[in-house]
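By letter and in written order, the chains are A, B, C, D, E and F; residue numbering begins at 1 in each of them.
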Amino acid sequence: MTGPTTGPTTELVTFGETMALFAARRTGPMRFARDFDLGLGGAESNVAIGVARLGHGAAWVGRVGADEFGDLIRSTLQGEGVDVRAIADPDAPTGLMIKGRRTADLIDVRYYRKDSAGSRLCAADLDPELIRSARVLHVSAITPALSGSAREAVRHAIAEARAAGVLVSLDVNYRRALWTPAEAGAWLRETVGDVDVLFATEAEGRLIADVEGATELAGALAKLGPRHVLIKFGAEGAMELSDGVERRAEPYTVTEVDPVGAGDAFAAGWLADWLAGAEPAQRLSTACAAGAFAVTSQGDWESLPRRADLSLLRRPADGVSR
Amino acid sequence: MTGPTTGPTTELVTFGETMALFAARRTGPMRFARDFDLGLGGAESNVAIGVARLGHGAAWVGRVGADEFGDLIRSTLQGEGVDVRAIADPDAPTGLMIKGRRTADLIDVRYYRKDSAGSRLCAADLDPELIRSARVLHVSAITPALSGSAREAVRHAIAEARAAGVLVSLDVNYRRALWTPAEAGAWLRETVGDVDVLFATEAEGRLIADVEGATELAGALAKLGPRHVLIKFGAEGAMELSDGVERRAEPYTVTEVDPVGAGDAFAAGWLADWLAGAEPAQRLSTACAAGAFAVTSQGDWESLPRRADLSLLRRPADGVSR
Amino acid sequence: MTGPTTGPTTELVTFGETMALFAARRTGPMRFARDFDLGLGGAESNVAIGVARLGHGAAWVGRVGADEFGDLIRSTLQGEGVDVRAIADPDAPTGLMIKGRRTADLIDVRYYRKDSAGSRLCAADLDPELIRSARVLHVSAITPALSGSAREAVRHAIAEARAAGVLVSLDVNYRRALWTPAEAGAWLRETVGDVDVLFATEAEGRLIADVEGATELAGALAKLGPRHVLIKFGAEGAMELSDGVERRAEPYTVTEVDPVGAGDAFAAGWLADWLAGAEPAQRLSTACAAGAFAVTSQGDWESLPRRADLSLLRRPADGVSR
Amino acid sequence: MTGPTTGPTTELVTFGETMALFAARRTGPMRFARDFDLGLGGAESNVAIGVARLGHGAAWVGRVGADEFGDLIRSTLQGEGVDVRAIADPDAPTGLMIKGRRTADLIDVRYYRKDSAGSRLCAADLDPELIRSARVLHVSAITPALSGSAREAVRHAIAEARAAGVLVSLDVNYRRALWTPAEAGAWLRETVGDVDVLFATEAEGRLIADVEGATELAGALAKLGPRHVLIKFGAEGAMELSDGVERRAEPYTVTEVDPVGAGDAFAAGWLADWLAGAEPAQRLSTACAAGAFAVTSQGDWESLPRRADLSLLRRPADGVSR
Amino acid sequence: MTGPTTGPTTELVTFGETMALFAARRTGPMRFARDFDLGLGGAESNVAIGVARLGHGAAWVGRVGADEFGDLIRSTLQGEGVDVRAIADPDAPTGLMIKGRRTADLIDVRYYRKDSAGSRLCAADLDPELIRSARVLHVSAITPALSGSAREAVRHAIAEARAAGVLVSLDVNYRRALWTPAEAGAWLRETVGDVDVLFATEAEGRLIADVEGATELAGALAKLGPRHVLIKFGAEGAMELSDGVERRAEPYTVTEVDPVGAGDAFAAGWLADWLAGAEPAQRLSTACAAGAFAVTSQGDWESLPRRADLSLLRRPADGVSR
Amino acid sequence: MTGPTTGPTTELVTFGETMALFAARRTGPMRFARDFDLGLGGAESNVAIGVARLGHGAAWVGRVGADEFGDLIRSTLQGEGVDVRAIADPDAPTGLMIKGRRTADLIDVRYYRKDSAGSRLCAADLDPELIRSARVLHVSAITPALSGSAREAVRHAIAEARAAGVLVSLDVNYRRALWTPAEAGAWLRETVGDVDVLFATEAEGRLIADVEGATELAGALAKLGPRHVLIKFGAEGAMELSDGVERRAEPYTVTEVDPVGAGDAFAAGWLADWLAGAEPAQRLSTACAAGAFAVTSQGDWESLPRRADLSLLRRPADGVSR
C-alpha cells in the first residue's frame, strides 16, 4: 500500500541552466518594486516539471552553485518529482533572474548568469546511459548560447540520443540577451537536421528559414529535418506539421496572470502526450491546454497542470471548486 | 446628541456556522501560496452584516469555539453592528475555511468544519422569543448539512417562525463538500413548503424541481410553497416570481475582484428592501446592486454595501471620489 | 443558553480622542519604512478596552469623522465589547497617529489631530445620565490639551461625577506635542483637587508638585486631594499611596515587544480591581501585571490582558501553550 | 567622462503642495485595508518629475514639514533629478494623502492638509530670479485653494512670469475637497486671461465657460486668453486648440493599473515637447503617450515615462523585454 | 561526475503525522495576527529531515490528504532528501497546525487534526521490509495518541524492529491537547521496556517514573529498559545515561528566534551521530548543538543544521559570513 | 528664504562599487527566505551619505549599469544629498548583493559583482580637479580587489590627493570573497605609506602588521605612515593613535538591529568631525556614536545619523520621542 519515493522510470531527459528568480511584486519600473519573491526558473527544468506532472518520469541535468540558491533549485525540482542530476559547482555561483512587470502589459527580465555555475555545464556532466535509456531528449537553444562547453554538451547529447534512437526535441526559446539573431540562426540551421521535434514561434522559426506564412514556414522547417514542427501563436493557438499533415488548435479562453512559462508548458504537454502514445490531434490539444493553463496563475512553473487540471479549462462554470 | 451602542430593534434573525477564513494572496495552486490573510466567513452572518449595513437590525445565532477564532468572529460581527448570540463551545474548535484562487478564473475553497463548534448548533441554542419578535427568519441549506442537531435546529426555527407569522427566507447555497445533490434535494423538497422566500441559482433550483427554463423553474418552485422565488444568474442578473408576477433585473457592469459573497449580498439586499417595504421592482434592483457591489472588492463580506454605496454603481464617471 | 450582545452594565465611563494609527513595520527613520499597518489608538479607549477585558462594563464617548477611519474606530471598539457613544462629525476628519521605531530603543509618534473630529468633543456630547449611573469616570490630561471645548467637557464631566459620588480617575499622560509643561502643570494643579485616583510617572507627578523622591512626591500629590496616588516606574514596577499607606509592587519580567499602551493597561488593571472590590495589594499587583502584559505583544491595545491571561505571567515554564 | 550631479539648466519652474501618501494595498473599503505603502504625491511635483524624465531641467518650489515626511519628499524629488527648493517649515507638518480603491473601478483619496506646511506657501518663498530665468512656469488650480498666502503666491508668480515673457501653464486639476465649483470658477475666470497654456477635462473647462461640445468649449476658453487649450478625454484621447487650429489625438490602448497621475503626465509630455520645440502634432501625441504610460503601473509618478519608454507603447509585441 | 537523485540507503525509518502549518507573523493574540505563512510541521518528519541533513538516509511514512496540503508535505520532504512513503488518503484531509506567539515569550499552537488523514495511519501502512532493513526506528508518543489504528501501528513497528535487531528510539513529545498525563503515562510505561533510546524532558520523564532529580530520574527510566536515556533541560543543556555512565553537556549560547523543533533537532543530532558511530561524548555534544542551532532561525525544521553548520556555533566572531 | 538644491561645497571625495541589495526578511537559511526587500549598499557610498548627513559636502564616483538598479543607486544617493558622479556603463550590469541572516547571530552576504559595471571603474573615471579641490579622499581596500583597472584608479587617486595635500583616508574593509589575506596584506602594505588616516579592526590591522595587542598594533601601523590609526573593537568601542597619543572610547549601549554598516558609520563620523575641526576626543566619540547609531535600525545606510540624532543616544529615557 505504501509507494516508494522513486518516481516512474525516466522517459525524458533534459538539461540546461536553472536560476534563482527574484520576482517583483509591484507593476512599474523595477527600481520602485521594493518587494520581491524568491523562486527559481529555467526553461528545461520547467519542461521536466511539466512532463512529471503529466505522469512521465523526467530527469534534469545541470550545474548549480554550492550555495543556498543551488540548494533551493535542487530541493524544489526534487520535490516536484524530477530526477535531479545537479552538480554543485564549488567555483561558480548559481545564476540569477530578476523578473518584473514594466507595465501591466510588458514583462521585464534581467539575468545574472555570466560565468554562473549553470553556464559551466559540459559534455562530461551528461551520463550517456541516462540519455540512452530514455525515450526523449529535450533541449533548448538557450544552452548553446551559454558557453562553449555548454554548446558542446548539447552537440554531444544529441549525438548520443540519435545513436540510441531516442527522440530529439528542441525548443528554440530565443534569448536576445545571450546572442544575436544571426548567431542563433547559424547554430539552429546547423542543428535542426538532427532534431525530431521542433518548437518555435513564427519569429523564432524565421531565424532558421526566412519564409512568410505559418504553413509555408512549417513546411520549410520540416524539409530541414524535423518530423514534427510546432508553431506557436501565443494566445491565438498553435499549429503542427507532422508527417506532412498540418493541424491547427484553437486557443483556450483564460484570464492571463503571468505569461512566462507558457512555451515550456506547451512543449511539456506535447511531449507527455507523445510519451503516452496519444493521437496527434489530442497531443496538440493537450499542448495548447497546458500552455493556456500555465498563464492562469503566478510563477514560471508553479502553474503547470496535472492531467486532472486540464479538464478545469473546459468547465469554467460556477467559479467555485467545492 | 450621543447615540447608544445598541443598534435598531432586531428585525431579521439568522443562524448558522461562521468560520475563520485563511485567504491565499497568490493566484495558483494553494501549495505555492505562502501568504495568507486571516478573516472570517459564513453565509448567514454575511446576510446579517448585509442587512445591518442597509439599515435594519439583524441578529446572528451560532456556536464558535472557546478560542481565538471564536473571539475573532464575535468581535467582528459585533463591530459590524450585528446582534451576536454566539455560544462559545468549550468542547469543539471554531471551524476553518481556506480560500484561494486556483487560477484567475477559479476559486478554490476547503473546509475544516467536521465536528466544529459551529456544527454542534442545536435547537436549544435558538431563543424562541428572539425569533418570534423578529420580522424575518433567514436560513441557508448549509446548516441542515452540518449535523443532525443543526438540521433539527433549522426545523425548529422554521416552525417557530411560521407559528408567529414571521417571514421565512431560505437560500439554497448548495455545498457539495457537505452532502450529495440527492441528499440536499430531499431535504429541500421536504422544507420548501414552509418557506416564504426562496433564493437559488438555476442549478440549485433544479435540486428541488427538475424543470428546464428559468420561468418554468420558478413557476414549479412557487407551486411548492414560496410566495417569492428568486433565481440568480450570476453576472447575468436575476429574476423574481412573486405572487405570480415575473420580473427580471439587468445586471450592473462592474469589474469583478472577488465573486465570493455575491449571493449573500443579493439576499441581504432583497430582505432589507422587503423590511423597508420597498416596491417589488426596487427590491429586486437593490438585490442585484448589492450582489454586484459585493464582487467589486476583496473579502466575502467586507464589500457589502451601505445604502449610500449603491448609488456609486450608477456613476462610474471619473473614477476619483474626492 | 444564548447570551445577548449587550455586555454588563456600564461601570466605567471614559471619553477622549481616538485616532486611526499607521504603524511602520520597519525599525529606522520613518521615511524608509515603506510598509504600514492600519489600526487605531487612544489612551482612554485603551483603558475602556482594558476594563472590559477584565470583566467590567465600560463606555467610551468621543467624536470621530464621518469617514472610513471613524467607522474603523467605532466597529473595533464595539467589537471589543465597549459601549461606544461616538458622534460621527460630518465637518472634521478622524485624527491620525503615525507610529514607528526610530531605533530599536526609541518609539517615534506623530499626530495629525489638529481640528480633528476628536478635538471638537464638547460638554454637550457627554450624557450626564451615563456618568451619574456609572461607578468610575476616567479621564486623561490629553483631552484638556486638545481644544477649549474639550477642556470644558472634562471640567463638566468631573463636576457631574463628583456631584453623583462617582469615583474620578485621572491619568496625567503628558503629551509635549500638545502643550508645554507649564500649561499642563497649571491645568493639573487646578484639577487635581477634584480627583480621587491619580496615575502618573515620576516626571509627570513633578508637573504638579516639584518634589524629589517617589515617596515624597506621592505624599505631596495626595495632599492636593487624591485618595489614591499611583506612581509608575516603567519596567521598575510601581508604588501606590492610598489612605496614607504606601505599597510597592515588583515588576514582572517580560520580553518587551511594544511599550506603547503600558500605562493605559496599568490604569485599566487598577480600576478593574477597584470595581471588583479587590484588596489594595492585589489591586496594585493586577495593575502591574496588566502593564507588563501589554508590552509583550504588538499594538497599543491588542495585547491588553483578560483575567485568565494574567496568570500566564507567573508560569513562563515551557513556552508552548498547548 | 564623469558627469556632475547638477542636471540641465532649469527650464520649467513649478510650485505647490506635495504630500506624503499612504496607499492601501487591498481593494475595498479603506477600513479593511490593513496594509499601506508610504510614498508621496503632488500634482506639480509630478509634472516636474515628468518633465525631468523627458530631458528638461525642472525646479519645484514648496514647503514641507521639518519632519520625516518632508525629508522623504525632498530626497525623492532630488533623487528624480528635480531642482528642489523646499522650505522645511518648523511650525507645520507635511500634509498627507490616503489613497485606496473603494472598488476595482473607484479610487478613494482623502487628505490631511489643512494648516499643513504645504498650505503655508507664500509669495516670498518664490525666488523671482528662478522664475525669470526659466522658460515655463507651471501652476495648478489646487494651490490657490490651499490658503490665502498660497493664492497670493500663484498671483505673484504668474505676474513675474508674464513680465519676463515666460510661458504660463495652468492645469485646472479641480479638487472638490478644497473648494466649490463656484469658488474655483471665479478664480479661474479671473486668472485665465494671464495664462498661455490651459489643461482641463471637459468638466473642468465648464467651470470657466459653460459651453457644450469640446470644440465649442475649447473655442470659448481660447477667447479668454490661452493660446493653447488642451481638453483631455481620459481613455478617449485629447484635443488641442492652438492658434485657432484644432487637433485630436487617438488614445493609446493600455491596461490600466492606476489612473492617478495621468493628467500630470499629459501636462509633462506636452510641456516637455514644447520646450524641445516639437511640432504641434508630435507634442499632442507625446502628451497622450505620457498620459497613457502613466496609468500602466502603480504609483502617481513612479510610472512617468522617459523618452525611450514612449516607444514601448507602439510595440506591445511579445510581452517580454529581453 | 553526475550524482543520482536517490540519496544514501535508508538507515532511519520514522512515521507519524505531518501537518500543514499556518504561522502568524505578528506577536500577540492570534485574532489580531492578520498575516500567516504556510509551511508544514511534524515531529517525526522533522527528525527525518534532521538526520538526512546530517548525512544519513531517512524515510518517513505517513498519511496525508489527497489535497494541496498533502502535496505540499510530500514535495517539501522529498525536496529535503527524505524517502517519503506517504499515502494520499482520499477520504480525509491533511491535518493543520496554527502557530503564533501569544507574547514574545509564549508560543501558541492549535491543531485541526481530528479525523485527519494523518490520524488514520495504520499498521498496514508500514512496509515491514523497510523497517527490517534500517538501523534505527524512531517514533514519538504523539502517534499513539492520534487514534487506535495509529497506536496499533506504533506497537507493530516496534515489534518488527525489535525482531530484526533494529534500534528503537522513542521521543516522549507529550501533547496535552491529545491525551491526559495519566493516559500518556500508561502507554509510555507499557512501551518503554521495548525501547533502546528514550528522549524526554524532566517533566516528560516523570510521566513514566515519578522520581525527583535528573540523575535519579534517568536511573529509574534506564531500569525500565532503555540503554540510552536522554534528559533535555532546554536552554540549560542535557544529560545522557548510557550503559550506566552519566554525561552532561553544556548548552550553546545562541539568540533564540523560534524554540519549536529544538527537541526534534536534538534527537536527530543524537541519532545521526549514533548512526555515524561517534563517541558518546561527541554524540551528546552534536545533539545539543543541533538543538541549539534549530532555535536560531524561524521555522520548525527549516533551521535544522547540516554538519558544516554545527561549527558555526563555535565561532560567532565577526557576525558576517563572507 | 528658498534654498537651492546644490548642497555645500564638496569636502570629501570617495569612490568604489555600490550594488543593488536584496535583503531577506526572514531569519534562517536563505533558501527559505521567500520575501526580499530591494535596496542598495556600498561601503564608500555609505561613508558619503554619512558625511553628508553630518553636514559636509560629499561626492561619490562610481560606475553602475545602464539599468534599473543603476538608476536606483543614482537616485537614492542623489536624494541623500551626495554629489553623484556615476557613469552608466552600457556594457555591464550593476552588481548585486544578497543579504540575509543565517541565524539571529550571523549575517550572510553573497555578491554578484564579477564583471559588474562597478568593477570596471578606472582611473579615467576620476576627475582630478574634483579630488584636488576636496579636503579628504576616502577609499576602501575593497576597490583594489575588484579589478586591475579599479586598483589602478585607487593608486591614481591617492597620488592626486597627496600631490594636492588632500587628506587620504583608507578603511581596510577586508572582504574574503574578493581576495586572500595574503593578497590583501601585500596591497595594504604597499599602500599604507601614502595614507593619512587608517581604519581597521584588529584582525584587519594584522593583515598589515602581525603584532599582538591593540596598542602595539596601532603603534606598528602608525610607524608605516598614517598619522591617525583607528582600531575598532565592534561593540567594545574603539581606540585612536594620533600623533603618538592614544585615546580610547567607551562603547554606547544600544540594541543591535542590523550590524552591517557600522564600520562605514564610524569612518563617516570621524571624517565629518575632522572636517569640522573638532577636538580629537570629540572626534573619536562622534565616530563611536555614529557606529552605535547605525546598528540600531535596519539597513546598511538608512540608519546613518544626523548631528541631532547623536544626542538621542545619550537620553534613552522614556522611549517615546513626542
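For this structure, a couple of remarks:
Everything below uses one rule, namely that a residue touches a chain if its C-beta (ideal position, glycine included) is under 8 Å from a C-beta of that chain, and two chains touch if they have at least 3 such contacts.
Protein identities per chain, from UniProt: A, B, C, D, E, F = Sugar kinase.
In this text the structure is predicted, and so the values were computed from the model without any measurement.
Common neighbours of subunit A and subunit C under the contact definition above: B, D, E, F. Here subunit E and subunit F face each other with different sets of residues for the most part; under half of the interface numbers are shared between them. The pair from A-F, A-E or A-B that reproduces the interface of B-D, where over half of the contact pairs by residue number are the same, turns out to be A-B. Averaging Cα atoms per chain gives one point for each, and the point farthest from that of subunit E is the centre of D. Separation between the centroids of subunit A and subunit D, computed from CA atoms only, is 46 Å.
Centre to centre, using the average C-alpha position, subunit B and subunit F are separated by 62 Å.
In subunit B, the residues that reach two or more other chains under the touch definition are 29, 34, 75, 108, 110. Viewed as a contact network, the protein chains fit none of the simple shapes, being neither a path, a ring, a star nor fully connected. Chains touching one another, given as pairs, are A-B, A-D, A-E, A-F, B-C, B-D, B-E, C-D, C-E, C-F, D-F, E-F.
Those residues of subunit B lying in contact with subunit A across their complex are 26-29, 32, 101-111, 175-177, 201, 203, 234, 259-260. Subunit C contributes residues 1-6, 59, 61, 74-87, 124-127, 130 to its touches with subunit B in the complex.
Those residues of subunit D lying in contact with subunit A across their complex are 254-257, 293, 296-299, 302-303, 312, 316, 318-322.
Subunit A makes touch with subunit F in their complex at residues 22, 24, 29-31, 33-39, 67-69, 71-72, 75, 93, 96, 108, 110, 112, 114-115.
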